[in-house]
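Chain nomenclature is as follows: A, B, C, D and E, assigned in order of appearance, with residue numbering initiated at 1 for each chain independently.
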Amino acid sequence: MSQIQEFEKVLSGSDTNVAAFEEHGKSFVKRAQHFLHSTPAAVPLIVLVLSVIIFGIAIGGRFFSSYTLTLILQQIAIVGILGAAQTLVILTAGIDLSVGVIMVISAVIMGNCALTYGMPTLLAVVVGLAAGGACGLLNGLLVAYMKLPPFIVTLGTWNIVMATNFIYSANETIRDADVDAQAPLLHFFALSFRVGSAVLTAGVIAMVLLVLLLWYVLNHTAWGRHVYAVGDDPEAAKLSGIQTKKVLMAVYTLAGLIAAFAAWVSIGRNGSISPSAAVTDYNLQAITATVIGGISLFGGRGSILGTLFGAMIVGVVSMGLNMLGADPQWKVLLTGVLIIGAVAIDQWIRKVSV
Amino acid sequence: AGVGACLITKTDTNPFFVKMKEGATAKAKELGVDLKTYAGKIDGDSESQVAAIESCIADGAKGILITASDTKGIVPTVKKARDAGLLVIALDTPLDPIDAADATFATDNLEAGKLIGAWAAATLGDKAKDAKIGFLDLTPSQPTVDVLRDQGFMMGYGIDVKDPNKIGDEDDPRIVGHDVTNGNEEGGRKAMENLLQKDNTINVIHTINEPAAVGAYQALKAVGLEKQVLIVSVDGGCPGVKSVTEGVIGATSQQYPLQMAALGIEAIAAFAKDGTKPKPTEGKNFFDTGVNLVTDKPANGVKSIDTKEGLAKCWG
Amino acid sequence: MTEQAVLTARGLTKRYGRVTALNNCDFDLYPGEILAVIGDNGAGKSTLIKAISGAVHADEGVIELDGKQVQFKSPIEAREAGIETVYQNLALSPALSIADNMFLGREIRKPGPLGSWFRMLDRPAMEKRARDKLTELGLMTIQNISQAVETLSGGQRQGVAVARAAAFGSKVVIMDEPTAALGVKESRRVLELILDVKKRGLPIVLISHNMPHVFEVADRIHIHRLGRRLCVVDPKQISMSDAVALMTGAKKPPEDALAA
Amino acid sequence: MSQIQEFEKVLSGSDTNVAAFEEHGKSFVKRAQHFLHSTPAAVPLIVLVLSVIIFGIAIGGRFFSSYTLTLILQQIAIVGILGAAQTLVILTAGIDLSVGVIMVISAVIMGNCALTYGMPTLLAVVVGLAAGGACGLLNGLLVAYMKLPPFIVTLGTWNIVMATNFIYSANETIRDADVDAQAPLLHFFALSFRVGSAVLTAGVIAMVLLVLLLWYVLNHTAWGRHVYAVGDDPEAAKLSGIQTKKVLMAVYTLAGLIAAFAAWVSIGRNGSISPSAAVTDYNLQAITATVIGGISLFGGRGSILGTLFGAMIVGVVSMGLNMLGADPQWKVLLTGVLIIGAVAIDQWIRKVSV
Amino acid sequence: MTEQAVLTARGLTKRYGRVTALNNCDFDLYPGEILAVIGDNGAGKSTLIKAISGAVHADEGVIELDGKQVQFKSPIEAREAGIETVYQNLALSPALSIADNMFLGREIRKPGPLGSWFRMLDRPAMEKRARDKLTELGLMTIQNISQAVETLSGGQRQGVAVARAAAFGSKVVIMDEPTAALGVKESRRVLELILDVKKRGLPIVLISHNMPHVFEVADRIHIHRLGRRLCVVDPKQISMSDAVALMTGAKKPPEDALAA
């Protein structure tokens, strides 16, 4: 063995301190910048508060009525829950175009099990959840094991599930009154609570709790970190010992399961169960909420709390425009402007903070 | 503030609903009603209509005029509005069940269908027995308008409809097939192309409305089959009537959306004043705004008006 | 050598399209030794260790760990068998923190029900151990252990990857150019670390282009050329110049070199 | 200056040959693999040929009639052109949800200019093209200079353009007969040619020529290489001296321009000009064609020829299912299966080839 | 030194969030010299050259090229001013071929109307020049010049990036650890290349952790520590050990070192 090189011998005397650059100005602005930078959900929250204030000023007291504000929450409950499912998938750098139809078919299955086949309602719910999970599992298998692009996989399952939904249900709507009479548990999430003068439905509470739960899982469990790692750099994740396939499988399955849970909530909201809800573009709404909430479509970045705020931003804006009496097309136009505006503000704040 | 009212249409792309909105807006201005308008993104988009109804309640409106995309699915939300004390009137498309709304102002859609069916059969004469018929319907959920017109056409033509509440359970060999159009041109074109691929000897086409008929005609023209096919439709908008003049459409059942809208606004204004609710037409469970068959080739035993009169009465 | 090898490979071949990266390559690692692998750029060194650690699948050839044939389908399986690897491209997740990266796939959970039921991560514990490890390795030129890896300098990242492998390897530690991006001081620490790991009885595979370092720490040197093992030499019996001459093709290997 | 290290002195004698590993087996299979690997458009082409064969067998001679085959081409002409626009954008790792509505508004503008404002038809076409280009430019500005995510930007402009379209046009359809009478040039792309027994429209020919032109530009000009580089790794592209912003601007503007060109072709195909075409999901169809054609949604990979084949695959499958008399819902279902199937085959072939 | 500097920087400061990567840093490069920049990992060397070459914008400070103040808004502007840089992360486009990468942003077009009207690339010409350049640099261990860069080994990629800068630099060539991933033979070639470039009269900035190499080729050594220039030393008058001691903080700089 040869000798250590001469110049390396001096190293024993070298500085062993941790490098400590002086911290620069601790002004309020700097602190705010750092906070915004390290708290990805803060930006959509600020945009949300701003839009509430703006519409509040424009519309006046009516907008702040507890009825209006809680109505907004009720209106976004489903998109919020679907957005949570979408967030999981997008964090892995994927996309799920099928969550919307998975929700619809799960609702139809729950309804048919309880009313047509006469199962106990709880069992019917479980079957519906299982169906949603199974659709998600199919997505997961195709994405993780066959390595197909998520966009295409879920575009395919979207078509498949949509058609199955119409064929299976023969387009028969299950009526509100029948649900109430035979399987009231399906209406569980319509339960409402009065807190002061605000009215909250169980569905709204479920959405908030679900997002909080997922936030905990994503940030404080190993599995959650793995989801981020897989989305960030799948190759690195795999080399550093993460079972990327299992993570992807779990994420898509969970997304399906959450969509089925959204189905239960939607039965509460709509009363009846209608297969034709499949034509509504829930996916686009969920994706919009997710992206406005600051989740990067390239994976690995963002906080699920942002999605919740993103959904609320969309809800506030569309309710606000309604109350201002905007014409439907002008409303569409302004929604477009606001989508871009919200993200522009987000980007601007982030830029300042670097 | 004046009386608040809402108009919720299926889309605001179909000229029929554009006119309906114009009519309602004009009448609202006249009566000092504060009208807000909403629309679904495409025909069949019920979620947007649900959100619209909720906004109307939040807004303190007195009444809602709605053309429902999902005639069964929307019922519980309509109930919420009525429970909150709003007057809900279905325009153009009855809810299912029809009494889920306080009133319905609409064309007699079954009659509209029967008229074009009977006209088609009479025009074909002997050839009616072995015609090849295609149906360009509305959406997969089979809303009431769709069922009424489709089954009405069959009744008028002389086809056994089996269950009159259901499209597609018939077994008459003359039926080539059904396809959905979403009530717009692009959908009409696609659906027509699909049916042609099944059987290109088709010679009769029932279309849910005129936008779908225009699309179907384009598909036929593209393959040079426009002469072989008899197209019938429902609507009677000005472009549609012109198409009848030109022979593009054989006959169309004309409806009167401006009237539906105006009557609807008046009803809400009256309800806001003293709580009176509108009454249906004698002998029917809805208020019939009337229908006329428009054609330049009148057929025996089917009452019709010519395109000149049609143009005088047309909208849009 | 009569001692049984920890890790052997025979006849490994790996083709990428028209390129043959490994061409009937052999490999042996003996207990407790530091085996250096040297060779020109593109000679196939990284491909060799990827094949051994389950990151790529060889088209042909067999691998044995402790005399038993193994076939790792993924790096996880190799890791579970005790083989820890620092890949040339590092394999860190840019958006995650240093601590999260070090414990990726083997996180520490909070003690008690919080950990077992709610599966809550013990962040403070992980951060403490990460900081200790980096400090121990003298790689602690980092201000904030919860900083995202993407904000680190190239050398700092390298340090994190090396620290991770050293902290967790239980049977074999493989390092693909671990000091390539490191400064003089940091490289020195890594070499000391390699010697430490060796003292713990673990054999190490070290790929490096730094000849003085290789000759300083290696027990044997595997010279790789054109996708195969050209020969194995003993650094005590050969000069740096000769090793370089062999590796670059300036000289032919002696007949008995394979037995070294 | 110190001396060169001892061991480096031997290098003068080192092997200076280019490393030359022996080439392994030149069997047919290996050659095919290499060909497929290095020719990204080959895979969708094979899938296309396979689907033609399968439907040909299932349906028989009718399917091979020149009528059917050219009808398929006519049906995909618009999606093919929009897919070409989409391909440019996706190659830069972006996405353009607005190409469909840009097409519709451009058609409406061309129609109104020619018929309502009485401009010379050629000028009307130019105005329409300019409008499409302007929409694209807006997308480009927001993506390149404001650094907003393309998905959100084009979701926003989609809403904005859609609404503008309806407000501007007041939903009035311009009738076929009127176009024919007053501005027949707008119907230029409906011109049809008989080649043997096949009937090709000018629109179909325009689509093919456009794709070939873009293929040339992407592969044989500097700008084309820059498009790939920007999509591949924008940071690296910038550091190696590419004006990434200008490239992005140009790509989105060009996409808008191509969409406006699709508008002209669509007037030929539809005869009339209908603002309500805006509700059709052209974007999803164009994206589907692009992705089935092997263009990676992550940018920088794939050949635009693949998009052409991708559009044809979709066209062949849907026509084939029609001719087999599939029920509409079963058709949707099978389309879903086929989307997944096509990409699975693609992936499988690629895997074999590595 | 009385000669006018080609490139100078004064008071450069760059902060990333709470990290100060450059802290009031100075820099001078004189005509025709090879200036080595050495320092610990994370000392701020890469940030310094990024600030100089337009890849990042300093928060404070001024930069002068040939005595005229410049402010490059992007690497392109620096490149147009004649400053060619090999970045530590290479800046190659993985999916493009070696030839395409070398000519990115300055492609050669076919002669005649094909080039001027149809703007057609002259692939054969670019591939030939790329192959010549790589061969000249002895980096031609690559089988196929139209191969995608992502299929190259780490060292091979490094070679492509170095060859690109050497081929195109006209005023200053900056290399951030150009030999980090290179083999013995390939590193040697890069050093020879650096000396070649110097012979052409171009000044070179070389960031490297390889002390023997630095001392072999450098005319002056800029020692970077904690975000700023600690001192500048003359390799002929200082030992490697002293330089390393300064750079790692084991020793304080002499008073006059800045004048070196």
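Following the convention adopted for this analysis, contacts are C-beta pairs under 8 Å (C-beta built on N, C-alpha and C of every residue); 3 or more make two chains touch, one makes a residue touch a chain.
Keep in mind it's a predicted model, so treat the numbers as computed, not measured.
Participant: Please state, in steps, how far chain E lies from chain A along the shortest route of touching chains.
Facilitator: Step count on the best path from chain A to chain E: 1.
Participant: With chain centres taken as the means of their Cα atoms, state the distance from chain A to chain B in Å.
Facilitator: About 38 Å separates the centre of chain A from that of chain B.
Participant: So, what's the distance in Å between the C-alpha centres of chain D and chain A?
Facilitator: One centre to the other, that is 30 Å.
Participant: So the centre of each chain is just the mean of its C-alpha atoms; given that, what is the distance between chain C and chain D in Å?
Facilitator: 45
Participant: Distance between chain B and chain E based on Cα centroids, please, to the nearest Å.
Facilitator: 73
Participant: Which residues of chain A are in contact with two or more other chains?
Facilitator: 5, 7-8, 11, 14, 19, 21, 166, 329 - these are the residues of chain A that touch more than one other chain.
Participant: Where does chain B touch two or more other chains at once, residue-wise?
Facilitator: 12, 41-42, 140
Participant: Which parts of chain E, given as residue numbers and ranges, touch two or more other chains?
Facilitator: Residues 16-19, 40, 42, 89, 141-143, 184-185, 211-212, 240, 244, 248.
Participant: What is the complete set of touching chain pairs?
Facilitator: A-B, A-C, A-D, A-E, B-D, C-D, C-E, D-E
Participant: Would you tell me which residues of chain E are touching chain A in their complex?
Facilitator: 15-20, 23, 40, 42, 211-212, 226-227, 239-245, 248-251
Participant: Contact residues on chain E for chain C in the complex?
Facilitator: Counting only chain E, the residues touching chain C are 16-19, 39-43, 46, 88-89, 141-144, 151-156, 158-159, 177, 180-187, 209-211, 244, 247-248.
Participant: With touch defined as at the start, can you tell me which chain E residues reach chain D in the complex?
Facilitator: Touching chain D from chain E are residues 55, 74-76, 79, 85, 87, 89-96, 100-101, 104-107, 109, 118-121, 123, 135, 138, 140-143, 164, 184-185, 188, 212, 215-218, 235-236, 240.
Participant: Please output the residues of chain D touching chain B within their complex, sorted ascending.
Facilitator: Within the complex, chain D touches chain B at residues 67, 71, 74-75, 166, 170-173, 175-177, 269-272, 274-280, 319, 322-323, 325, 328-329, 331.
Participant: Note which residues of chain D are touching chain C in the complex, please.
Facilitator: Spelled out, the residues of chain D in touch with chain C are 5-15, 17, 19, 21-24, 33-34, 37, 353-354.
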